[in-house]
Amino acid sequence: MTPIYNQLGIVKRNIERADSAVAEQLGRLGSATVHEAMGRVGLLKPYMRPIYAGAAVGGTAVTVLLHPGDNWMMHVAAEQIQPGDIVVAAITAECTDGYFGDLLATSFMARGAKALIIDAGVRDVRTLTEMGFPVWCKCISSKGTIKATIGSVNIPVICAGALVNPGDVVVADDDGVAVVPAADAARVAEVAARREALEGEKRAKLAAGVLGLDMYNMRGVLAEAGLKYVD
Amino acid sequence: MTPIYNQLGIVKRNIERADSAVAEQLGRLGSATVHEAMGRVGLLKPYMRPIYAGAAVGGTAVTVLLHPGDNWMMHVAAEQIQPGDIVVAAITAECTDGYFGDLLATSFMARGAKALIIDAGVRDVRTLTEMGFPVWCKCISSKGTIKATIGSVNIPVICAGALVNPGDVVVADDDGVAVVPAADAARVAEVAARREALEGEKRAKLAAGVLGLDMYNMRGVLAEAGLKYVD
Amino acid sequence: MTPIYNQLGIVKRNIERADSAVAEQLGRLGSATVHEAMGRVGLLKPYMRPIYAGAAVGGTAVTVLLHPGDNWMMHVAAEQIQPGDIVVAAITAECTDGYFGDLLATSFMARGAKALIIDAGVRDVRTLTEMGFPVWCKCISSKGTIKATIGSVNIPVICAGALVNPGDVVVADDDGVAVVPAADAARVAEVAARREALEGEKRAKLAAGVLGLDMYNMRGVLAEAGLKYVD
Amino acid sequence: MTPIYNQLGIVKRNIERADSAVAEQLGRLGSATVHEAMGRVGLLKPYMRPIYAGAAVGGTAVTVLLHPGDNWMMHVAAEQIQPGDIVVAAITAECTDGYFGDLLATSFMARGAKALIIDAGVRDVRTLTEMGFPVWCKCISSKGTIKATIGSVNIPVICAGALVNPGDVVVADDDGVAVVPAADAARVAEVAARREALEGEKRAKLAAGVLGLDMYNMRGVLAEAGLKYVD
Amino acid sequence: MTPIYNQLGIVKRNIERADSAVAEQLGRLGSATVHEAMGRVGLLKPYMRPIYAGAAVGGTAVTVLLHPGDNWMMHVAAEQIQPGDIVVAAITAECTDGYFGDLLATSFMARGAKALIIDAGVRDVRTLTEMGFPVWCKCISSKGTIKATIGSVNIPVICAGALVNPGDVVVADDDGVAVVPAADAARVAEVAARREALEGEKRAKLAAGVLGLDMYNMRGVLAEAGLKYVD
Amino acid sequence: MTPIYNQLGIVKRNIERADSAVAEQLGRLGSATVHEAMGRVGLLKPYMRPIYAGAAVGGTAVTVLLHPGDNWMMHVAAEQIQPGDIVVAAITAECTDGYFGDLLATSFMARGAKALIIDAGVRDVRTLTEMGFPVWCKCISSKGTIKATIGSVNIPVICAGALVNPGDVVVADDDGVAVVPAADAARVAEVAARREALEGEKRAKLAAGVLGLDMYNMRGVLAEAGLKYVD
C-alpha cells in the first residue's frame, strides 16, 4: 500500500468498486450480522450514530480526507461519486465542526450517493431528514467550515477507528457502521446470509419458550466451567 | 451481606421479589418522582438512556454480572426470569460491546421480561423497537460478544453507579432509571403517590399564572439570603 | 461591564430586549445560517442538544446563574419572563442534575417563555415533549435539586462556552444554539436573510447536477494549491 | 442490608474494621494483585487517579456520602477517623468540585487518616503533595463547596462504581483502587501473598529470556484454538 | 461591551492592564483562595491542567481568539505581550491540535510572558518544561497547525467556560485557573489575603486535633438539620 | 493488502523492518517534527499518554491485535520481538483493562523491546517506571485480563486512530506517538532533520526578540487578509 502521507493532495479517479448488488445485499443483512460474518471485526467506533432512526444502507466507499474545520475536499469528492456510493469522510485531527449540510447533500444526492459517514459533525439535520439523506456522524454542530487546505479523495482513510479503502462496502444502520473489503464482499455476504437464515429458526424456538441454555446445549459446559445453582 | 467476590459463578434461583403491583405502581409514578420519594437517591447515572422514546416500566430485578465482551450469562439469566421482571446487567469492567439483540429479546419476552437495563451496549435496536422491548443502556454497538467466562445471576450488582439487589424494584422511563430496595417499595410508593397528588394542584396554579415565588412563599427567605432586585 | 462576581445575588428587572420580530426572524433562519452571518462565531458547544427533534425557536434571553444541584433561582427567573423570552441557564460548576421539569415548564409557559437553554440536565422530558416546551440541554436526569443558595437573574452568563447577555437573541434548532448580541440582531438578520436567499438558487443548480467545483469556480484554486488527479 | 435511602442523615459511630495488619499487608501487595486474588473484581473505575505518583496505601474504610457541591459531611467524617483509616467519599450525583484541601487534610492527618478516596475533585494539591497526604480522585478543581445539606457517614456507599462498606479494606496505589470486604480480608491477603510469591520466580525466568509461551505451556492450546504461524 | 463578532480580525494595541503587583500577589494567593474571595466564581473548567506540576503564576491577560487547527494569531499576539502578561487563547470551536511549541515559547518569553492558558493542545512539552515556561491546556498533541485564517487579539474571549477580558488578572497553579476582572483585582486581593491569614490559625488548631465540628460550631446546626448519630 | 479480517489467528514471523538507525534518528527528532515532515499526518490520537514523563523512543513496530479483556496474544507477540522493536497493541473494541504489567515488561525487555504502545490500559506502572520501560496508553487500570481468544501478531492494525503496519517506524515522546511507513522512513528522516536544523536558527532569532511576524514576513499577508490594528 502506498503510504498515506504520500497521498495528501491526490484525487484518485478510477477505483475498483465492490459489486453493487452485493453491497445492497450486505446493507439488508445489517452491520451486526456482517461484522459477525467477518469474524467480529470491521466496525467503526460506536460513537458514530445516525442523524435519524430507521435508515439502513449498503454501498461502495468514496473516501475523503479533510483537515479540521475545512470541508473543501467535500466538493472535490462530489465529482467522484457514482450511483450507489457512500462517502466516508475522515479528518486529520479530532474535530466537531459541521462539515456537511443540505446544499452538499443536494449535490451528493444528484450524483447518486446513498449516505455520508463522517468522523466529525454535520448540520441542517432537519432538512437532511426531510430529504431522506442519511448520515452517520460523531456529532451535530451548526459550526461552519472554511475552504483553505487540500486533502485527498479516494485514498485509504482511517474513519472512527476503521480502515476504509475506496471501493470497500460500507454497511450502516441503527446499530452502527461496518466496512467490508471489496475483495471479500461476496464471500462475507454468503456467510452473513447463511448466518441470518439460521436466525429465523432460532427466533421461532426462543419465542416458543425454548431456552438458549438448551438450544445451544450450554448446561454441561457451564457446569464444567464451575457455574453453581443455589437456592 | 456476603461479599460480591464470593459470588462469581453463582446462580441464585430463589429470590424475594418486591410485590408486582407495587412495582407497576412505581413504574407509573416515574423515576423522578420515585427518586424524590426516596430522599433524592437511588438513581443510575444519567448516561443510561432508552433505545426509543416513550417507554416507561416498573418491574422486579433479575441481576446478572458479566465480563467485558462476554454475554454468556445472559442465557443463564433468561431461565431465571419470571413475568414482570426487569433484567439488570452489570459488567466487571467498562465495555461498549453489543451484549444483547433481537434473539435474546425474543427469549426474554417469552419468559415475561419487561425490559433490560445494561451498563454496556446493545444491538438490533430497530428490531427491538418494533418488538416493543425497551432497553436502557450506555451505548449502541454492532460489536458481538463471546461466551467464554462465567459470571453470576441474582447476586447484588453495581449497575451504572447504583447497587441493585435481586428482587428490587426497577423504574425506568425517558428521564432515567431508579432502583427501590424491595423492602421499602410499598412505603416509597406511598410517599411518591402523595407527592404526585400534590403536583396536580400545583400545576393548575402555575398554569393560571401563580408564581412559584408566591406558591412556595420564597420571597422572604430569598431576601434573607441576600437576594437583591435592581433596575 | 460590571464584573460577574459583583452580581451574585442580583435580579435585574429592566433589561433591554432585542426586537421580538427580529428574534423570530432569526429563529426562522436557523442557528447555522445565523452563526455564518455573524462571521462563524456565537455558538454554544455542540453537546447542547434538544430534548425532541424538530423544535426551532428564536427569542430574547432571560439569563439565570445557578449553583450545582440547586435550582432555586429558576423560580426567581420565572417572574422576569416576558412573552417571547427564552431562559438561558448557566451553572457555576459542571453539573448533570435535572434542574427543570413539567411544573417549572408550566410556569414558564404561563409567563410566555418559548424555550429553555440549560448547561445541565432536565427531567420530565416526555411531559415536556407533550407540552411542546422545547429544551436544549447537556443531559437528561431524574436527579432532583435543592433550593439553598442564591444565584442571579439577568446578569451576563457563560452558557456552554458562549457569553449570553440578558436581552440577546437566542436561536435554537436541531443543529444547536446560537446567540446574537441584541445591538446587532437587526444587522445579522439582514445578512443572514441575504445568505439564505442565495442558497435557494444554489440548491436548484446542485440538484440539477452542477458541481460545487464549477459553481464556486474552485478548480483553478485547487490546482494552484497542488491538488492532483490520478487514475 | 438496610436500604441506603434510610440512611441519609446518619452517622454510624461503631463500625467493625478489618484487621489493620491485614490492611497494611494488602496495601503492600497492591491493587492489581489484590484484585486478582479476589477473582478479578473489587476495583473502582480507572478514572480514579492519585494526585501524585508513588503513593501506596492499605487501610480501613470510613465512608461518607455527600451532595453535589457540598462538603459539610467531611467535617462529620473527620471525627469518626481512627488511625489507619482511609476516607472513602461518594457523591449523590456527578460532581467535579474541589471538596477537600489542605485544612481538611491537616485535620484528617491529625486523626490518623492514611488517605482519601473521592469520586469528585480536590484542591490544594501542591500542599497535599508536600504534606504527603495521598488522594485518589476524579479530578482536580479549585471550585469550593458549601455546607448546606446533610449526608451520612459510615453507611455503605457506591464510590466510582464499587460498593464500599465501612470497615472494608481499601488498597490504593499508582494502578488504581481496590476494595476488600472486611470479612474476607485475611483470606484475600493469603491468596494474594501466594500469588505474589510465585511472581518472583516467574520474573527471574522471563528476565533470563524464557518465553511466557513456554513457561505457561501455551503453544498447544494456541494451536488448538487455531493460531497459525506464517512467513 | 462591543459584540464579540464585530471584533474578528482586530488587534487591540492599548489595553488597560490590572496592576502588576496585585497580579503577582493574587498569583501567590492561588486559584482556590482567589476564587473563594470572588464569591466562588471566576474559574476555568477543571479540564485545564498544567503541563508540569508546581508552577504558580499571576499575571495580566493578553487574549487571543483562534480558529480550529490554525495558530496564525499566536504570532500576532506575541507582539502585544508586555512583561508580566499571560496569554489566554480561545478557539472558535473544539480542537485538540498542538497550537504552541518551543519556538513560540521562546518568542513569548523574550517578550516577558509568564505563561500560556489555552483551551486546546500544545506540544514540545518536555522542552517547555526545561525552559520553565508553564502552560495550562486541555491536552497535549504533536498535531501541527496552519496559518490561514485571521482571528483577533485583545478582545473579550470565552476560554474553557470563563470570560476573560484583556488586562484581567489570571491566576494559575496546580489547582486550576482563575480570572479576576482588572477593576476588582485590588479588592479581591485584599479579601483573599484576609482569607489566607485566617487559614494559618485554623491549620494550627486542626493540626492540634481540634475538630472542624467544634472550630466552626457545626454540631448544633447539624443536629437541627436532622443528623443522627447511631451505634 | 490482504483484508484484516482474513488475518485473525495469524502470526507473521518474517516482517520487513525499517532500518534501525533511521528509526533511532526519527526517535531523536521527535513525534511533532516527524509528523510535520510527513505532511501533518501519521499521529495516534492525543489520548495516548506516556506512563512517565521524559521517555522518547524510536523503533520498529511489532503489531498485535487483541480482544477486549484478553491479553493472550501479548505472549505470542513477545516471541516475535527483536532488539529495537516497539510493540503496538490494538484492541478489537474499546477497552480500559490493564493488559500489561511488570512480568510481561520483563519478558519484552529481555527480548530487546524498547516500548509498548497500547490502545487500552496497563498496570504495575510504578514498577514499569523503575524498570525504565516506557508505555504509551489510553489509561491505567489494575483490571486483569484473561487468555481465551486468539488474535493476531504482525498484521496491519488500527491503533488509536492510526494504521500501523509491522515494521513501520514508531516515534513516541511526551507529545504523543507518530507512525512512519517503513518504506518512507529514510526520506521522512531527511526532511525532518532539515526541518529541525532550521529551528535552531529561528530559535536564536526569537530569543533575541525578533518577532515571528517579521521573521516569517507575515505583516503584509495579515493586512491583506483583513487584520486591523486598533487602539
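Note that the chains take the letters A, B, C, D, E and F in the order they are written out, and that residue 1 is the start of every chain.
Throughout what follows, contacts are C-beta pairs under 8 Å (C-beta built on N, C-alpha and C of every residue); 3 or more make two chains touch, one makes a residue touch a chain.
Treat the numbers as computed from the prediction; the structure is a model and nothing was measured.
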For subunit B and subunit D, chains touching each: C, F
Chain pair with more C-beta contacts, B-C versus A-F: B-C
Separation of subunit A from subunit C, taking each centre as the mean of its C-alpha atoms, in whole Å: 32
Centroid distance [mean C-alpha coordinates] between subunit D and subunit C, Å: 42
Contacts with 2+ other chains: residues of subunit A: 40, 43, 46, 92-94, 96, 141, 143, 149
Chain pairs that touch, as defined at the top of this document: A-B, A-C, A-E, A-F, B-C, B-D, B-F, C-D, C-E, D-E, D-F, E-F
Complex contacts: residues of subunit C adjacent to subunit D: 67-70, 92-97, 141, 143, 146, 148-149
Subunit F residues touching subunit A - in the complex, by the definition given at the top: 1, 3-6, 8, 38-43, 45-46, 92-94, 156, 158, 161-163, 165, 181, 183-184, 188
Subunit D-facing residues of subunit E, complex: 30-32, 35-36, 40, 43, 46-47, 49, 53-54, 56, 173-176, 178, 199, 202-203, 206-209, 211-213, 216, 218, 222, 225-231
Interfacial residue positions of subunit E with respect to subunit F in the complex: 9-14, 52, 72, 74-76, 78-79, 96, 98, 101-104, 106-107, 109-111, 121, 123-126, 129, 139-144, 147, 149-150
